[in-house]
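Look at the two complexes coming up: chain A is in both, with chain B in one and chain C in the other.
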Partner chain A sequence: MALRLRTGNQMIAQGAIQAGCRFFAGYPITPATGIFKTMIDELPGEGGVALSAPDEISAVAYCIGASMRGVKAMTATSGPGWALMTESVQYAVMTETPLVIALVQRLGPSTGGATQGAQGDVLLAEFAVSGGYTLPILSPSTAQECFDLTILAFTWSELLRTPVVLLSDKEVGMTAERVDDDLLRNVTSQDRLQWRNRSGGLEFMKPKTYGTYSFDCVQEIPAFTPVGGEMKVTATGSAHNKQGKLQKNSPETLEVLKHLEEKIRWRENDLVKVDADIQNGAKILVMSYGITSRAAKDAVAESRKRGIRVSFLGIQSLFPVPSRTITESLQGVGRVVVAEENLPGLYRSVIERHCNGARVLGVNKIGSLITPNDILNAVQS
Partner chain B sequence: MQTTTIPPEMDLVYRRPDTLTQTPMHYCPGCGHGVTHKILMEVVDELGIQEQTVGVAPVGCSVFAYNYMNVDMQEAAHGRASAVATGIKRILPDRFVFSYQGDGDLAAIGTGETIHTVNRGENILVVFINNAIYGMTGGQMAPTTLLGMVTSTTPFGRESQVMGFPLKITDLVAQLPGAYYVTRQAVHSPTAVRKAKKAFRHALEYQKLNKGTCFIEIVSNCPAGWKMTPVEANEWMEKNMFPAYPLGDLKVPK
Partner chain C sequence: MDKSHEVIIAGFGGQGVLSMGQIIAYAAMIEGKEVSWMPSYGPEMRGGTANCIVIVSPGRISSPIISRFDSAITLNQPSLDKFEHAIKPGGFLLYEISTVITPPTRKDLDILAINAMDEALKLQKKQVANMILLGAFLERRPIIRPENVMSALKKVLPARHHHTLPLNEQALQIGRAFASQSEVAASFQP
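And then the complex of A and B:
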């Protein structure tokens, strides 16, 4: 045991550095500033670059530029900054540029409540991309998970060549809690597959033999070619063919667009990360994510003490939706309780269709944390 | 808060104008925002334009300006105050419209809005509080942070090779033909306050002429962000901020 007191924000920064992130750009915004501050303090010592940007639009664009060279890059923000970043996030989806964005949620809309936690950005993050392309989202609920999921976020972004959102919130990000250094697995993230020149010679200006996004089947992840490398690279946010050249409606361009979604969808069963505690014969399943899953866990423990058979499913990989895992957890379940800190039940609206006709109840609240009692009442009702 | 009734036999030397609310300010001790709010609102009161004045507050420490300024006030999204003020002024051209912004809001995230507002010569007053730091989020480097200055994101001081140079945005906008009156003032001493107040009076009077944007920079302090006492902060400001941001008029009407 080597206990330290650390905030979720600090653990995201530490996880990023361990994952090999060597570029960070940020703009001050509560409650995400702690990540920015830690990266400014720590990253230069690791041989990385940490930059202050004049706004979130620049911050995310700096990261895309660095990632286009092959460097793992991250930025961190909250709701208002995410709103500004979405243009470039779409650009990263379109250009298949790996990137991790820590989105530490606060109460919205607009400037909202800078120091008030909430879980209101889950669909705002997922549906930021025109056309509904899946943006992988991981959501930690403890400082320890902040570390683990940051490393996983880098692995996903590198292997899938896509931006990945790390969806934290004010309570997880700014609360200091015990972290056991011994439990911080000595792992790092995987790296993107880089194109290698088999002949060993320069192959500039030979677009027929190589395209920036060359793939044979739509699910394939094209090998990455860094800018400033030996290969001529073209990339564009416009609809493009496999060489990264603007083309509007050609069959090849439509295939590239299909590929952007298929490369993630095809692997969705490999992209499942849940905290499952399934009880045999349970008639009730409690689902939650982020900070609220901690209250949900307590509520489940208390329910069992009172003799109620209940299962728990904390969802860490919110998108792509772990639909198969959800369906499997529903064995014999007649009622599902979904707890989250927003009023309409944002994530509940997404997973409802996977609940096979079970009755789905929401526990929703804003302005203060959802308590184990709030969830317990729904379990007992 | 209770108001005191002044006995009729005593001479009334000063009273809080109606343009300032009775809400106690949340600003840190020694901060320049309070004085700037006060003199701006005193001018609005003296000109008798309280009913015709509309202000737009930023995101930053003065996000709460509407709590203290007793005129129509709205907070805009971060950096967009002068753009929102543009919309208000275009629809209500006979009103006195001002934006009130800090250095992060006006000279970082809102640089584009600032330059284009002045370039269009919008007939508004832009009040720019420059304390060289992001106060509300805990003292990060701002575009106006001085070289060598330690902030939470420049732990070894701002280096020009990495972080560029202090942005003199007031000098920049003074070059634009749309700017009618551009001045740089301070509020750290009684003399400075009197001068700054005069500048606010000019700017609001000029707004009646429809000649272009009036832009007033207040070089201010941030004792909490600079990690100094209010007195130390004012001394540090005189010694370091004023040489970088010299007080005085940058553009006056001919």
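And then the complex of A and C:
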């Protein structure tokens, strides 16, 4: 055993390095600074570049530039920084640029409570893209999951050619836990499909067939070629055709816009990551994510001790919504309890429609953590 | 140790509250135990409130979120007022007395007061007050072995401060000696 005491933030940085991330740019912000610091300390030693950017807008823009050049890139921020980044995140969506953004939530609105945890950015993160395009979101609840899900976030972002949000929170990010290095999976992330690998070498390709975003069917992920490489790359945040050329309302442009969503929707059943503990005959299903899912797990264990049959579904892939998994977990369930650290029940509002008429109950709180007891009370009510 | 121990350490920022928790967590990890160290502190300034919850367990820790503690170590009046009532009956409360005007009132706790600031000043290093408290705590609640505390401290303390390790060890011993000489209050009924 090789034991270390590591925070969730440190494990996100370690996961990123393991995934092959070789570019990081960030602007320090509590509670995400641990990722920034670890990357600045450790990435240069791995042959990568870690930059302290003048602000969040530059930070994410630097990352997009690095990724367009073919380097796996990540930035890390919290709610206020995310607010600044959204314009460029949309640009990454539009230009199909792989990118991982670790968003470590704190209490909002605005600068809110820098040192207070919250799970209030769930929908702010997901619906940051004009037009309602799916941003895949992964949400870890332990230091170990921070590592695993960061690698997965890179795989998704590379394979889908889209930004992926790693939605952590202050407690997950700053709580230090025992991590056994021997148990960390020795995997790296998968890489984006390169144009030159598609048919065995660039020299055999006919340049005319290449477009920056060429696809035959709308769900297909275009093969990548780096800016500054052998092929001409045209990237724009404006509506464009498959060549990347600005165009207004042409059928091809509309097809590209449809493609941006379809490439993710079509694969949504492969983009499912949950921590399911389903009990036969359970009438109640407890759902949660992030730090609160740990309290929920405790509450489920305690409920079972008291003879209540209850299932647990911790959701790590918040978006695309794992609707099929949720529906499957609902067999015989009459009541669903959704626990999250925000007042309106943000994620509850999204999954309610998948709950097949079961009564959906929220456990919500801000300012302090939701305890196992809070959830237990809702289970027993 | 066959069951988990949950302790909250609370005071002002700068008193070494978070470090104390880190030392316990590191030492427990050296012993192969599961640990969780969860910090919480006030707005972005020195002198704000700070606390950390440390869980040391022989088995897996499912949730670091708890509302009742086995022990509390408090380093100022607000923390004492807040966390005295969050300790489980029969638990242990250790508090730094020089900052306290209103003492704790519960009768169902093992309560130990120590003037760690005065003792630290006698060593001409007020920064080691937290180590005196840690020594006293571990004497009463030996959740980790004392020899692992110093190995943990080497991890927590930046290398440029390693010349203070002997002084820290001395502070730890002062705390332990104080606690071993203090009786458990006669009124205490676990």
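To be clear about the criterion, the second predicted complex is superposed on the first by the 369 of 381 C-alpha atoms of A that agree within 3 Å, B and C clash if a C-alpha of one lies under 4 Å from a C-alpha of the other, contacts with A are read in each partner's own complex, and residues count from 1 in each chain.
What we mean here is this: a contact is a pair of C-beta atoms (placed from the backbone, for glycine too) under 8 Å apart; a residue touches a chain by one contact, two chains touch by 3 or more.
Being a predicted model, the structure only gives us computed values, none of them experimental.
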Do chain B and chain C fit side by side on chain A after the overlay, or clash? fit
Quick note, chain A centre (C-alpha) to chain B and to chain C: the enclosed angle in degrees to the nearest 10 is 60
Please tell me which partner, chain B or chain C, touches more residues of chain A. C
Now for A:Thr115: first (chain B), second (chain C), both, or neither, which partner does it touch? second
Scan A:Asn377 for contacts with chain B and chain C and give back first, second, both or neither. neither
Can A:Asn269 be said to touch chain B (first), chain C (second), both, or neither? neither
Have a look at where A:Asp41 lands relative to chain B and chain C in the superposition and call it first, second, both or neither. first
Have a look at where A:Pro80 lands relative to chain B and chain C in the superposition and call it first, second, both or neither. first
Which holds for A:Thr30: it touches chain B only (first), chain C only (second), both, or neither? both
Quick one: is A:Met1 in contact with chain B, with chain C, with both, or with neither? Answer first, second, both or neither. second
After the superposition, what is the least C-alpha distance between chain B and chain C in whole angstrom? 6
Overlap the chain B and chain C contact sets on chain A and report the shared residues. 30, 114
Sites on chain A touched by chain B in the complex: 27-30, 33, 36-37, 40-41, 52, 54-56, 80, 110-111, 114
Taking the touch rule as given, give the residues of chain C at its contact with chain A in the complex, in rising order. 22, 25-26, 29-30, 32-44, 61-67, 155
Show me the residue ranges of chain B that touch chain A in the complex, using the header's touch definition. 59, 63, 75, 77-79, 104, 108-109, 111, 134, 136-138, 140-141, 143, 152-155, 163
For chain A, which residues count as touching chain C in their complex? 1, 3-5, 30, 113-115, 171, 174-178, 291, 294-295, 297-298, 301, 369-373
